[in-house]
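One chain, subunit A, appears in both complexes that follow, with subunit B as partner in the first and subunit C in the second.
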Partner chain A sequence: MAELIARTPCAGLLPLAVGGVDLTEESLGALTTLSPRRGQEAALSEALEAAHGMAFPAPNRTTGKAGARAIWFGRGQALLAGPEPDADLARLAALSDQSDAWAVVRLRGAGAVDVLARLVPLDLRAAAFRRGHTARSELAQMMASITRLGADDFQIMVFRSMAATLVGELKTAMEAVAARG
Partner chain B sequence: MRIAGNGLLGEARQVAFSFDGRRFTGLEGDTLASALLAGGVRLMGRSFKYHRPRGVLGAGSEEPNALVTIGRGAAREPNMRATVQEIFDGLEASSQNRWPSLGFDLLSLNDLAAPFFGAGFYYKTFMWPKSFWEKVYEPMIRRAAGLGALSGLPNPDRYERAFAFCDLLVIGAGPAGLMAALVAARSGADVILADEDSRMGGRLLAETREIGGQAGHAWAAEVLAELGAMANVRLMTRTTVVGAYDQGTYGALERVGHHRPRHSRALPLECFWRIVARRAVLAAGALERPVAFRDNDRPGIMTAGAVRAYLNRWGVSPGRAVTVFANNDDGHRTARDLVAAGVHVAGVIDSRHDAPLSDAFEVHRGARVCGASGRRGLESITIRSVAGESRVQTDCLGVSGGWNPSLHLSCHMNARPLWRRDIAAFVPAPGAVPGLEPAGACNGAFSTAACLREGAAAARAALADLGRRPAGFDLPQAEDAAYAITPLWAVPGRGRAWLDFQNDVTVKDVRQAAAENFRSVEHMKRYTTQGMATDQGKNSNVSALAVLADATGRGIAETGTTTFRPPYVPVAIAALGAGGQGKGFAPERLTTSHSASVERGAPMIEAGLWYRPGYFPAPGESGWRQSCDREVNMVRGAVGVCDVSTLGKIDIQGPDAGALLDFVYTNRFSTLKAGRVRYGLMLREDGFVMDDGTTARLGETHFLMTTTTAAAGEVMRHLQFVHQCLRPDWDVSIVSVTEQWAQFAIAGPKSRELVNGLLDTPLREGDWPFMACGPVSVLGVGARLFRISFSGEHAYELAVPARFGDSLFRMLLERAAALGGGPYGMEALNVLRIEKGHITHAEIHGRTTACDIGMAGMVSDGKDCIGKTMAGRPGLVDPGRERLVGLKPSGAARQLIAGAHLFAPGGDAVRRNAQGYITSAAFSPTLGHMIALAFLRHGPERIGETVRMVDHLRAIEAECEVVNPVFFDPEGGRVRG
Partner chain C sequence: MRISCPICGERDRREFHYRGAALTRPAPDAGEAAWDAYLHLRDNPAGATRELWYHETGCGAWVVVTRNTLTHEMPGCELAAEAAR
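Showing the complex of A and B:
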């Protein structure tokens, strides 16, 4: 019987390594936007904690850990990355499946901050943008979600359709940083 | 000539380069200027207007004369300052603005005609005849006057932009800047120290002064080593801060590739930084100003400070018998340093009667240099004093008319500098740029000790603002001599005394401007072009306004300066627009079917940021029309597949979702049944149509809105605006799910057959009537099916999670082929919708109302909606407005053209008589002739009338019959069947 074959957003584009920096595609599992219903912010946070082990994140913050993370995603919105959302959450929040909507890449290695500094107008200094901090920002004219996973470790998300441009822009910046030596 | 044992380059590596084809050897660390001076070259360029021979004037980025072109071919860079350009092995430099050669320049004939070329010459001369300006005068002037030229080829170099953040930005790494950076860094602040030189230290590298008992440059090296080892400090060499902007943002240009031999393709030539600093210290130093006297532009005449820089930093004496002309004590140091290095000093000419005397060289007190000779290189100067005139043989004259603080950045937010009479210079106004503190020479503090003091104080002030305790710190000892100056701007006399070297402006030009009543400094500037060259008049502004002040009998403070604007140094547009070359202009959005479409040879059409296939050429087809006609017939006759994923999809959930939709759409959605889709029309607040599309009700409190591709972002923003600003009380959430789904239109009489082949539970006759929707399962994958149609055929839209888009598209095409169908592109989609009279943004272009497009009936009477009140304005409901109709050719000419205008038959086809225009036109293979959608005055009332179409651009006319805009299947039998 015929079968539909899944294709990831960055298929054929990644992985990539330039200088000391690696760029890989991430598969986070299910992605679901959570928007709390009016007045249900606290209840949703509790339900999220009970079901998936993390609170609803404050602006520019993430909660949870690798495999099950909640990433602040905009005004009144978080992205649950990893588990399929517990059915109970739907009472308290609007849920939208976004599992296929985002290209997710990881930029790692010494110089990762320098690469991002060429594309993103964010203050990425360690004291200002710590591990677990996240921001919705612009990356080379693409609206992106950027999360710091470690000192030289970032998760970057843009719309799936822009995956090729994202990889191209990151590659150019990685090459420019490496060429400075 | 190089002076052995002098300078900071030491036993540097030898570097081979060329200038105008001649081979030279310099030392690593040399600028092109220092290396050429070492090689005995004084003539480095030709002036802008008169093509006068010119040599280097300074030793920094303010250089007006020594501009050269670096490299050749597409990558050549014109107007590079020889004083900034570092040499490297294989560097090829060439002089500019001369023909045939630098030594013999035919256009220097301009110089002989100089009496005719004074201030305002162009304004007076090239006024008549009027038509001559564009065709004759301007090209002629442009050819004769000018700088270097670009290659005219696409630029192969990469540029980059980058962002940086810090607590304290220190601009300039001289004594003040180093001190400020050190105090702040030791106190734990994040510091960026930016300096435009390749080596930090500022004037400490050019002077022989001591700090804390050691040579100034050694102290600088020690401080830099300490700073370089600190994690909270970032040293940015070759980085010029070019602009101060709001809220602590500074623009800075870094030279990344200019100084490297044949750098790799990946290495950018320049990087444009946006630095955001909580506080900043301006320690930009000062620029020495020349004194104007007759022929003071001879190659070999430079600033006295530049002579010291070449001697003390690069170990080069610019002459064998050097003279100095000064109005202050500072200039005497040049003579002292030269004598100490064993160079002959032929005299110091000081305009002050009380100038200090010296044992080591002759000082002419109360004397002035009033002339210079030696056309291609200085040979002698003429000195005038009470004793009369005398000549002195010299090949290099160092001139010091005093120092101008480099306060430019402090004026970038509109502050005006203040005049300080004691130092005869402008200084930054207090608080000129919020958060920016000037320190050192740029603040008028010229002694080394004062620079260190002010640097430390500025850092402490910044630390206090940042809430940090300054680390304890003792200032090192340094000289603290008073700056003794008696102003002298220009030496009176005959001949031309140059102020602005780069734009060839003389003292006489400024006086003439004043005489012709261009007395305001801003008027004088524009009339004479003083300060309007690439150096922005850094060397001449203050002197020129002093001459103007004298000519108009006003004080200097009263006369004021012109406005200093960013950028401080020339910035390549390529650096400002870094990343925007080629594809970098905008992101590309690719659908999941992109690869499969490209494999089939489909040319792509840009729709916003999206790329969509125009048509799918079949074997044997030679033009788009052939493919398009086939695809239209295929949809009408069998089945076609088209990727419609680019349409905006917005998930709207919550108890108030229905209320929101009722408010933003003209028609009602709260009454829509779950499992059904409705077409909706959306108005802007001003009553004109914003967008249209379908919205499906997926559940009691769950809707899915579809927007057009073009307006997806605008509609999303509009919904957020309505929710956040107008009805924050509503419990509703809005999120884009455009990218989650790959959605394909499957249209044509065989569409159900094609869909059924893929569904796990096939549709039955009677199920899924027109405008039904719901979840389905496609080969085991959860999907959504919508029975909607843009083509007018029995059609579906099938949406699967995007990961399966590529696979589903390929499968659909394979199966469609078996049914006599296949893919169709934007061209066919457009024809199909025009045949059905369906609108796109060609029709809802922002100036049309619901009434204009024949949808007045869709504006519900029973409720309010955004734009409804404004749409009721008399001008918007006038039946005489241009309203939507169909057109078909009724005369001999059969071609209809979008954009053509409509007129009454027989009337003049002039603007006044225009009755409307065509928005969409296509050949309809279904009907066998061209059809068009148009807006026509009183349109729907004129069905059956004839109008005249005129395309003035292409000179094409056609007679048209006005018809119903729905050309095909007006009853809609096919779509429901």
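Showing the complex of A and C:
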């Protein structure tokens, strides 16, 4: 077998620091979408709690914590980020391995919300979008998943093929926010 | 324009993709006239329309939107899966 060297989606592009804002790549571990089978929503949530310690998230919300998080990911769908999914979950949900399919970055620092305001058609200010809130929306015309992890702390996911565009758009917006001082 | 997705909440129109009029599909044996109308004939109302939109960069749901072509109001939005029942 050839020895293959894994490359992360943003290898060679990150980290970046502009003004007071840092952009870094995140490695979340296994990524699996969970789509409950019809009528199995409650049972799946219980099984997820038993196996990984978090309930199935409501729309626009996350459950769990760093290292093992469930992120609402669309209609009837959540993304389990961190652990390999317990085999029992497949009885109650359709599972799809997405581990290498997404570029995941973290935008942190005072002004992070101003950077996102230039790219995302959502009110992501703390009054409207609190810690643990998540949204599927667009970021500069890319389908994105955006989650607030803390004050001035956001996780952003887009398809892996768009990693360079994501970094480019964020860098331009970070520079524009920094230039305003 | 803003569309109130029943799942995501009120969102900007750019997250949605427009499909067309929300029609009821005729039965397979409904006859030529009914199928011709379903495939080819559209009203062009000045007022309320019902149309299908896809929440493309949001939750991925198909929704039936009520839109007023005179005022640009979008007073209604429901999941297409529920509207079809």
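The working rule: the second predicted complex is superposed on the first by the 180 of 181 C-alpha atoms of A that agree within 3 Å, B and C clash if a C-alpha of one lies under 4 Å from a C-alpha of the other, contacts with A are read in each partner's own complex, and residues count from 1 in each chain.
To be clear about the criterion, contacts are C-beta pairs under 8 Å (C-beta built on N, C-alpha and C of every residue); 3 or more make two chains touch, one makes a residue touch a chain.
All figures in this text were calculated on a predicted structure; none of them were measured in a lab.
When the shared chain is aligned, subunit B comes close enough to touch A:Ala94, but subunit C does not. Shared-chain residue A:Arg118: touches subunit B; no touch with subunit C.
Of the two partner chains, subunit B is the only one touched by A:Ala128; subunit C is not. Put simply, more of the residues of subunit A are touched by B, taking subunit B and subunit C as the two choices.
Once the two complexes are laid over each other on the shared chain, residue contacts for A:Glu138 go to subunit C alone; subunit B is not touched. According to the touch criterion, the shared surface of subunit A, contacted by subunit B in one complex and subunit C in the other, consists of residues 75, 77, 121-122, 142. Listing the residues of subunit B that touch subunit A in their complex gives 158, 160-165, 190, 256, 263-264, 266-268, 274, 276, 579, 583-584, 586-592, 609-610, 651, 653-654, 724, 731, 733, 735, 737-741, 778-781, 800-808, 811. Put simply, subunit A touches subunit C in their complex at residues 59-60, 74-75, 77, 121-122, 135-138, 142-144.
Taken in their complex, subunit A has these residues touching subunit B: 1-9, 33, 35, 37-38, 75-77, 93-94, 96-102, 117-118, 120-125, 127-128, 140-142, 159-165, 168-169, 172-173, 175-176, 178-180. By the touch rule above, subunit C contacts subunit A in their complex via residues 7-9, 11-12, 14-15, 55-61.
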